[in-house]
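Presented sequentially are two complexes of chain A, the first with chain B as partner and the second with chain C.
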Partner chain A sequence: MKRIAEASAVMAEAVKLCEPQVIPLYPITPQTHIMEELANHVNNGELKAKIIRTESEHSMMSTLIGSLLAGSRSFTATSSQGLALAHEVLPIISGLRLPAVIGVAARALAAPLNIWGDHSDVMDARDTGWIQLHCRNTQAVFDTTIQAFAIAEKARLPVMVIMDGYTLSHMFEPADILSKTEVSGYLPKFKIRYQLDTNKPMTFGPVGFTDTYMEFKHQLKDAHEEAAKIISEENKRYGKMFRREYGDGMVEIFNPSAKQVIICQGTTAETAKLTGACVIHVRCFRPFPFSQIEKACRGKDVVVVDRAYSYGAGAPLHMEVKAVVPQARSAVMGLGGRDIRLEDLQMILKSKEKELWVDNYGK
Partner chain B sequence: MKAEKTKLTEGAVVVTPASTGANKTGSWRTYKPCLDQKKCIRCGICWNFCPDNCFMLKKETENKKYKHRFEINYDYCKGCGICAKECPVKAIMMQREEK
Partner chain C sequence: MASKSDDWKPGNIRGLPLEEFFHSGHGACAGCGPAITMRMITKAAGKDSIIVNATGCMEVVSTKYPTTSWGLPWVHGAFENAAPIASGIHAALAAQGTRAKHNIVVIAGDGATYDIGFGAISAAFERGDKFTYICYNNEAYANTGSQQSGATPKHAWTTTTPIGKIIHGKEVEKKPLTEIIAAHKIPYIATASTAYPLDLFNKIKKSFTFDGPSFINVLTPCVLTWKYDSSLSVELARLAVDTGMWLVYEIENGKFTLNIQPKGLPVKNYLAKQGRFKHLTDADIAEIQMHLDKQNKELVAERECVNKAEEKI
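Take a look at the complex of A and B:
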């Protein structure tokens, strides 16, 4: 059923349909609406889940470990400083191979303090072993959230569902909301490989000495290679059931015949489509779709739009793309919620600069 | 390096309980606690304080005054010295161990 709703509320609706049993939470802008909506669903009796109010994002993320190991599907959401505070727990969750799903309303990192959207927080978490899925509109938020649970539980890896703070998290758009029976027809019952059980005691999170640590990390690397296939499979299966597909699951390519290419993530893709250039929306940042991007960019003029920066090195999405597309140019835009307008994207297509920080405020 | 060949569990889960017993941590020790059974009053403070549960409660056969005695499990004692510090009658002495 089509409904006009805020992307945050749509994410909460999708989570509700996936029926998590535990939701640890801690409020932070611009994620707060997701948690408010979930709390409403629990209060109204539409979702039978235990809400745990924690004292920090670090505790919130740690609570996820406990609830997942106890065998319950779990969800939480955060942003910016919250994700940074929870950072320590992120590699623990992926190292334990737990199927956590979290929503991230991507936001700038302090200082200076800034509550608006960019990708600084999620890029900061890119090396933690989590799958990172970006959404470009409200409908994608709904579909990606449901797929995320299926992907996480099949790949036995945690997934971040990322939407741009404010630009998407506070955006009202029509979205097709599935029914409970439709979602339960798609999403298998929750199960994990090793579960807390007093009758069968096990040790979780032991020391990995120099003789095993590297092997466990190699397992994680293999799991990510496997996850790339699972993401594509789940995208296809979802598309077959509900007639909505997101490219091959890893990248979405619009207008592939155009000579110039804009590579971007999140809502920027929707604006970039209006330039008439070929637009590659990197839906999945980890695992990274190197081969698809290389194939789509062969012999073309490519510009990569980043909403984050790795200081002293370059723009993170551009650095990945450059590994397979050496001619790719970099444009750093929209940091701290700065607008990314159509004319700015048209300008970067015309520019010949290797790295361009687009200063468009008030112009 | 092939992770799948190593037979390690996913996520480093230890599926066999109490398997830490196989790891004899006594080799880490520099100082060895020596318990003088003649001085010991069997108060059990060492048994209570030991962070590695190295004090074993055994039946007393020599001293008729007591029913039990404590013995130290040197397989796991790391020589932290908490027992010697806490002993109210100074029945435990830490001695440099030569290996």
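Take a look at the complex of A and C:
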């Protein structure tokens, strides 16, 4: 059923249809609408889940360890400083191979304090072993959230479903909302391979000395390679059932015959489509789709739009792309909610600068 | 409500279950107070329990992969988040309708409890999540090499409160954590000592009968931090109680009971046996004794006052 709704509410709707049993919450802008909606669903009796109102994002993320290991599908959402505060728990969740799904309304990191959208927070979390899926519109938020549970539970890896703070999280758009029956036809019942069980006591989160730690991490690396396949399979399976696919699940390529390419993530892709250039939306940042990008960029003029920066090194998406597309140029845009306009994208296509910080305010 | 799988009968020490859930082969020091305490905790917790362990000595010595000392389902996340992990387990089991079949027990040191995890504990107690939080309190960050924590007593040597030319040991009093927890008005709060295993056992069993959070603060000596001969762990844990350095009491639905009356032995008997206090002057010891007498008197008087007020209501 098509409905006009805010992307945050659409994410909450998708979560409701996936029926998590435990939802820890902690407020932070611009993610709050997601959890407020979920709280409404629970208090109205539309979703039978236990809400845990925590005192911080660190505790919020930690409750997921307990709830998932005890055998319950679980969800939470955060942004910016919240994701940064919870950072310590992120590699613990992936290290324990727990299928957590969280929504991230991506936002800038202080200082200076800034509540608006960019990708600083999720880039800061890129090396924590989580799958990172970006959404470019409200429909993608709905579909990706549902797929995320299937991917997480199959890959035994946690997933971040990322939407640009404000430009998407607060955007009202029409979206096709699936029915409960449709979603339960797609998403299998929650199952976790190993759990806290008094009939079969196991030790979770032990100490890994120098003789075993590296083997655990190697398994995590392998799991991400496997996850790339699972993401594509789930995208295809979802597409077959509901007639909506997101490229091959890892990247979406629009207007592939154009000679110039804009590589970007999130809502920027929707604006970039209007330039007439080929647009590669990097839907999945971890695991990273190197081979798809390399293939699509052969012999082309490529510019990579980043909404984050790795200080002292370069723009994070550009750095990944450059590993397989040496000619790719870098454009840093939209930090702290600065607009990314059509004319800005047209300008970066024309520019020959290797790295350009697009300072367009008031211009 | 509590697990009924092994009915609790307060008896004597010979009546404790023979079954072990904290197995030998772990890497704790000879005479380790916390390791003795783990054995008691798990005996009391029984086979229907899930353990959440904060980072600390007991977690590190007992789970070197691929070995484990734990005969119960056990999870360790990080240093400061044992309480929220327990909340997650509690919520999941409640959602699945199996909460009544399990006990959830958090085991965490004083660094995790008094300091880094404190905010998270306070929030879990505010929510009223049902689990038993046990702090094994050796009054320092023993796992990282005996640094000062909020539980370290005034004057004590630690590696971050060294005996220097100008400053000697910890300069401030320890945090009155049990009383701070009591202010949360959770159903059950208790203190215990490794020297009184039956008291500890009974308190853990009792904690499972409340429909809400419980907190038990167990004083347990650390050979390396307190600096004493490893044969003296239990003796020191007993001396702490007998001198009044550690009051053993419980607050059950607001009602205070002093479980073990201190024998009134001079605090010097306790301090003199530990290297961490060997720098103390007679004046220091006199100050400690005076402070202790005042503090214990106040605590008991305040709590008895509350008892009386509750009786009147």
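The definition used in the following text is that the second predicted complex is superposed on the first by the 363 of 363 C-alpha atoms of A that agree within 3 Å, B and C clash if a C-alpha of one lies under 4 Å from a C-alpha of the other, contacts with A are read in each partner's own complex, and residues count from 1 in each chain.
Keep this in mind: a residue touches a chain if its C-beta (ideal position, glycine included) is under 8 Å from a C-beta of that chain, and two chains touch if they have at least 3 such contacts.
These numbers were taken from a predicted model, which means no experiment stands behind them.
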item	value
Simultaneous placement of chain C and chain B on chain A, clash or fit	clash
First, second, both or neither for A:115, with chain B first and chain C second	neither
Chain B versus chain C as contact partner of A:198, first or second or both or neither	second
Touched chain A residues, chain B compared with chain C	C
Which of chain B and chain C A:219 touches, first, second, both or neither	first
Partner chain in contact with A:208 - chain B first, chain C second, else both or neither	both
Which of chain B and chain C A:55 touches, first, second, both or neither	second
First (chain B), second (chain C), both or neither touched by A:98	first
Partner chain in contact with A:156 - chain B first, chain C second, else both or neither	first
Clash-bearing segment of chain C, relative to chain B, as chosen among 9-17, 99-107, 153-161 or 225-233	225-233
Chain B/chain C common contact set on chain A	201-206, 208, 212
Contact set on chain A toward chain C in their complex	21-22, 24, 48-50, 52-56, 58-60, 62-72, 74, 88-89, 92, 196-198, 200-209, 212
Residues of chain A touching chain B in the complex	95-98, 156, 193-194, 201-206, 208, 212, 214-216, 218-219, 221-222
Complex contact set, residues of chain B against chain A	1-4, 6, 8-15, 17, 19
Residue ranges of chain C touching chain A (in the complex, touch as defined)	47-50, 52, 59-60, 63-66, 68, 70-78, 80-81, 83-96, 101-102, 119-120, 122-123, 127, 129
